[in-house]
C-alpha cells in the first residue's frame, strides 16, 4: 500500500500527468486554448507508429516468444468477455438503457492506446521490462468487444446495425489497428538496423510528444465534462471508477496464467482496465446510433482515463510487482 | 447567362457515416457532390467541436446540386442513411450553368 | 418526400466573435446550428487568408436551418452581435425533412 | 428585420484556379466573397479527397452574396475562368441585411 | 557601437533570421509557399510549452528568487504604462484616430512571445544567463495593456466594448497565457527529473522549430505588407521603429532597478520593446471592433517584429552587457 | 547484378520502404487510416527545408565546386529534353491523346523530391558521398519540363493556356522551389555554425519523418490506384516502368560527362529517372486543364514512384558504383 502510494505520488508529478491536468483545467476554466485537430491526429499517428515499431524491434531482439500466440488469444478472449461483465455491472449500478449499456460495455472491453503508452513509460521508469509483443496484444484487443456489444444490444431488443462487410472492414481495419500492427511488423522485420535509422525520431522525443498529446486529451476531456453534467449520475460515475479495477483484475489473472514478466502483467492489467475513446466511439456511431455518445465518451475519457492515469497505472504496476516478487 | 433550374441539397451528417451516405447517393444516380468540413455545432445532442479530436468524430456537410427531377430519389436515398442518425437535410432552389453536368 | 418550409441563415463572422454569436443564437431559441471553416476571403476591409495564421484570426460561417417563424428572432439576435463587427448575413428559403427537429 | 434581395453564388473550383477566379471576380466588381475548404467529392472526373495530399490539390468553394443586378457580370467573369476547368456554379435567391455592403 | 554592429551582424546570419527573410521574400514575390494553419499553430504550441517548461525548471534549479515577485509586478506595471506612452507618441507622430491609436498602443504594451524566444537564444548564444522566471514575467505582461487601451479608447470617445466576464476570461485565460504559465508551473514542479524525461523533445530541436516558425512569420508578415500599403504613412512607420526603442528603454530601467542579471535585463528590454501580434489582435477584434486591424497587424508584425529580430535584440543584448559590465 | 539484387534486398527491408508498403496496403484494403492534409504538408516542408539546408552546408564545407554551374545547366537541359523523349515513347507505346501525353511528359522531365530524398539516404547508407549542390540541381530541374510540355501540347493542337506572368510566377516560384533554394542558400551562408544550431532538428529525426511521409505517400498512391483502374492500360503501365530507366540513363550520361562523384552520379540518375507528383500536377491543372489528372497522377505516384523506391534507387546506386569503380 505504502509502495502504491509512493509510486502514485511519483507518477502524479511527472510532466505527463501534469500536462493532462493543465488541459483539464484550461477546458474547465473555459480558456480558448486548443490544439488543432490535425496536430492532435498527427501526434496520435506518431505515438501509434513509435509504440508499434518499438514493440516489433523488441520481439526481433528477443526472438519470437512461445507465449506470443497465447497472449494474443488471451487478449481477444478478454476483449470478448469484459463487455459482458461491464454490461452486468451497468445493469446493476445504473439506469442506462440496454443500448447505452451495451455501447459503454464495448468501450471497456476494448482498450485505450494512450493509457497503454503511458503505462509503458511508467513500467520503464520503474525499471521493469516487458514483452515487446504487448502492443500486438493491444491491437488484438481493440475490436472483439464491439462484436460482444452488438450482440448484447440486439439480445436486449436494441436496434443494432447488421454486421455487413463494410462494418467488419471498418472495425477490423480501423486506422489504429492497421498502424499499430503495421509498425509492429515493420519493427519486427527491420529489427535493430531499422531502429538505428529512426531511433532519434521515435525514441528520444517520445515522452515529450506524449506530454503535448495528454494536454490535448485533458482539453478534450474537460470540454466533454462541461457538456455532460446531465448524464453523469452517481451510479454511472461509480461504474467509471469500479470498472477499470474489475478489468485490471481480469488482466492480472490472464497475465499470471500466461506467465508474463512483471512488466507484462502490469501492461495486461493496464489494457484490460482501460477503455477506448477513439476507435470504439466511431464504430458505435455507425452500429449503435441510438446510444448516447456523451455517456460513453464522458465515462471513458472523462472518468476512467484520468483514473487510470493517476491511480490505476501506478497501482497495477505495484500489484504486478508484489505478485511477481 | 443561360441558367437551368436545379436543387441544392445540403446534408449535415456524422463523419463516420459519410462513406455510407455517399455510396447511397451514387446508387441513387447522383452524379456529383462535394464534402465540406464542419468545425462544430449544436443540436439536440448538445454542443460539439472538432478541436483537438483524434477519432473520426464530428460532422461533415455534403452538398449536391441536382436536377429537380432527381431530388426525390436523392432525398429517399439520403433519408435511409440519415434516418436513425444525427443529421440535418436542407433543400434550396438553385440555378446552375451547364445543365448537362447534373 | 414530405418536406417543410424553413429558412437557411448563413452568418459569416470573425472567429473571435463566434462564441458570442452562438450564445446569442441559443438565447434566441435557435435549437441547432453548424460552424464551417472559412479559408479566406475579401471584403471592404481587404483580402485575408487563414494560411500560416497563429492567432484566433479569420472568419467562420455559422449555418442555421430554422422554421420561418423563428427567423426574425434569429436575425435580431445575430444582428446585435454582428452589428459593429465585420460580417455578412444571408438568408435563403429552404425546405427540410423532419420538421419536428427545428 | 428589413432585408434586401440578393443572390448567393457558390462556385466550386480547383484549388490551383482559386486566385485566378478571385481576381476575375474583383475585376467584375464583386466587392466580397469567402473561400471555404472542400474535403473531397465526386463528379465526372471521379472521386477525390484532400486527405494526405501535399500539393495544391482538390477544390475550394467560393461563396459570394451579391446584389441581383451584379449577378450577370459575376457569372460571366466566373464562367470565363471555370469554362475549361473542373468546377460547378450554383446560384440561389437570398436576402441580406445591410444592403449597402453588397 | 562596434560591438552592437558585430553582434547584429552575427545575428543577421543565423538560420532563424534568414528563415524569416526567406518567408518575407516568398510572400512579397507572391510565391504560393504557405505553411498550413494547423502546423503553424502546432509549432507555436510547441514553442510556448518548451519555453515555459524550461523557465520553470530553471527556477526549480536556482531556488525561488526573491526578485521573482518584484519582476512580475514590474512587468505588469510596464504593460499598463507603456500603452499611455505609445498613445501619446501616436497622437504626436501620426493621424490615426483615437480608437486606432488605442488599439496600436495595446499591442506595444503587451509582448511578442516569439521575439522573447528569439531573444532567449541570442542571450544564450552570447554566453549570458538569465532568470528562468522571465517567462512568467512575459506571461504577466500579455494582458494588462489591453485594459489600458480600452480605457484610452473610451476616454477619447471611442466605442470600446464593456469589460464583461466573458471578455475578462478571454483576456486573462487566453491560450498563450495558460500554456506559458501552465508549462512554467509544470517545469517548476517536476524540475530536473521532469526535464530529463522530455529534454530530447523540448531542448534539442527547439531552434530548428523556431526556424520554421519564423519562416511562417515571414510569410504572414509579407502577405500583410502587400495588403496594407495604404495605411503605412511615414509617421506610422516611424512609430513602428521608434516605439520598440522607447519600450526597451523602459525595460532597461525596470531591469536595472530590479537588479536582474545581464541576460535578464536584456530580456526585460526585449519584452518591453516588443509588440503582440497573436493575443492582442483577437482581443481587439472583440473589444475595439472599430479599430482597423491592418494598421496594428502591419505595425507589430511587419515593422516592429523584423526590427526587433534584426536590430533590436542584438542591440539590447549589447546595451545590457555594457550597462552590466 | 548480384550486387544490385542484394542492394535492392537490403533497401526493401528498410523502415522507409515498408512504411510505403503499409500505406499502399491500408489504402488498397480500404482502411480508414489517413494522415491529415496539414500534417502531410508540414512533413513535406520539413523534408524540403532539411534537405536544402544540408546541401547548402555541404557546399559551404567543401567550397564552391567549379562543376556547380555546369551541373545546374545540365539539370535544366535534362528537364527540357526528357519530356520530348517521354512524349515520343508515349506516342509509340500508348493511345493517350497528345494533351494527355504532353502532361505526362512534363511530370517525367521534372523530378520527385521525395525520391531524391530517399535516394540521398540510400547513397549515404551505401557509404558514398555526393555533391551538396545536388539539391540545387533538383530545384533547377523542377520547372523547365513544364515549358517543354506546353510547347508539345500546343504543337499537337492541344489547347494549352498562354504563359502569362501569373503562370510563370506560379511555375518558377512554386513552394518547393522557393523552399529548396531558400534553405540551400541559408545553409550555404550559415555553414557549420548554422548547422550546429539546428542539427538536432534537421539531421537526427530526418529518416523517421521520412518514414511517416512515405506512409502517407503510400496511402495517397493506393487511393489513387483504386480510383484509376480504367486508365491504366498495359501500354501506359509499361511506360511508367520503362521511362524511369530511360530517364536514369540520361542522368547517368550527364553525371559521367560532368565528372560527378559516384554518389552524385547516382543522384543525377535518381533525379532524371523520377517523376514529379506535387508541383507539376498543380501546374498542369492550370495550364493544360484538358489533360486527365488520373493518368498522370497514377503513373507518377502509383507506378514510377514505387518502382524507383524499390528497384530504381538501389539499381542506380549499383550502376553508378560499377561505372565509377
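Note that the chains are named A, B, C, D, E and F in the order they appear, and that numbering of residues resets to 1 at the start of each chain.
We take it that a residue touches a chain if its C-beta (ideal position, glycine included) is under 8 Å from a C-beta of that chain, and two chains touch if they have at least 3 such contacts.
If you want to know which protein each chain is, UniProt gives these names: A, E, F = Sodium-dependent bicarbonate transport family permease; B, C, D = Nitrogen regulatory protein P-II.
Nothing here was measured: the structure is a model prediction, and the numbers come from that model.
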Between chain D and chain F, the fewest touch steps amount to 1
Looking at chain C with chain D, do both copies bring the same residues to the contact (over half shared) or different ones? different
Most remote chain, CA-based centroid, reference being chain B: E
Measuring centre to centre with CA averages, how many angstrom lie between chain A and chain E? 40
Could you please state the distance in Å, as a whole number, between where the Cα atoms of chain A are centred and where those of chain B are centred? 34
Residue numbers in chain C touching 2 or more other chains? 36-37, 56, 92-93
Where in chain E do residues touch two or more other chains at once? 32, 34-39, 41-42, 170, 175, 204-205
Drawing the touching chains as a network, do you get a line, a ring, a star, a complete graph or other? other
Report the complete set of touching chain pairs. A-B, A-E, A-F, B-C, B-D, C-D, C-E, D-F, E-F
Chain E - residues contacting chain C, complex: 34-37, 40-41, 44, 159, 166, 170, 175, 216, 219-220, 223, 227-228, 277-279, 281-283, 285-286, 289-290, 292-294
Of all residues in chain D, those that touch chain F in their complex: 14-17, 19-20, 45-57, 84-86
Considering only the defined contacts, which chain D positions touch chain B in the complex? 10, 12, 36-44, 59, 61, 72, 75-76, 79, 88-93
For chain A, which residues count as touching chain E in their complex? 13-15, 18-19, 22, 25-26, 29-39, 42, 204-209, 211-212, 215
Chain D-touching residues of chain B, taken from the complex the two chains share: 1, 3, 6, 8, 22, 26, 31-37, 60, 63, 65, 92-98, 101
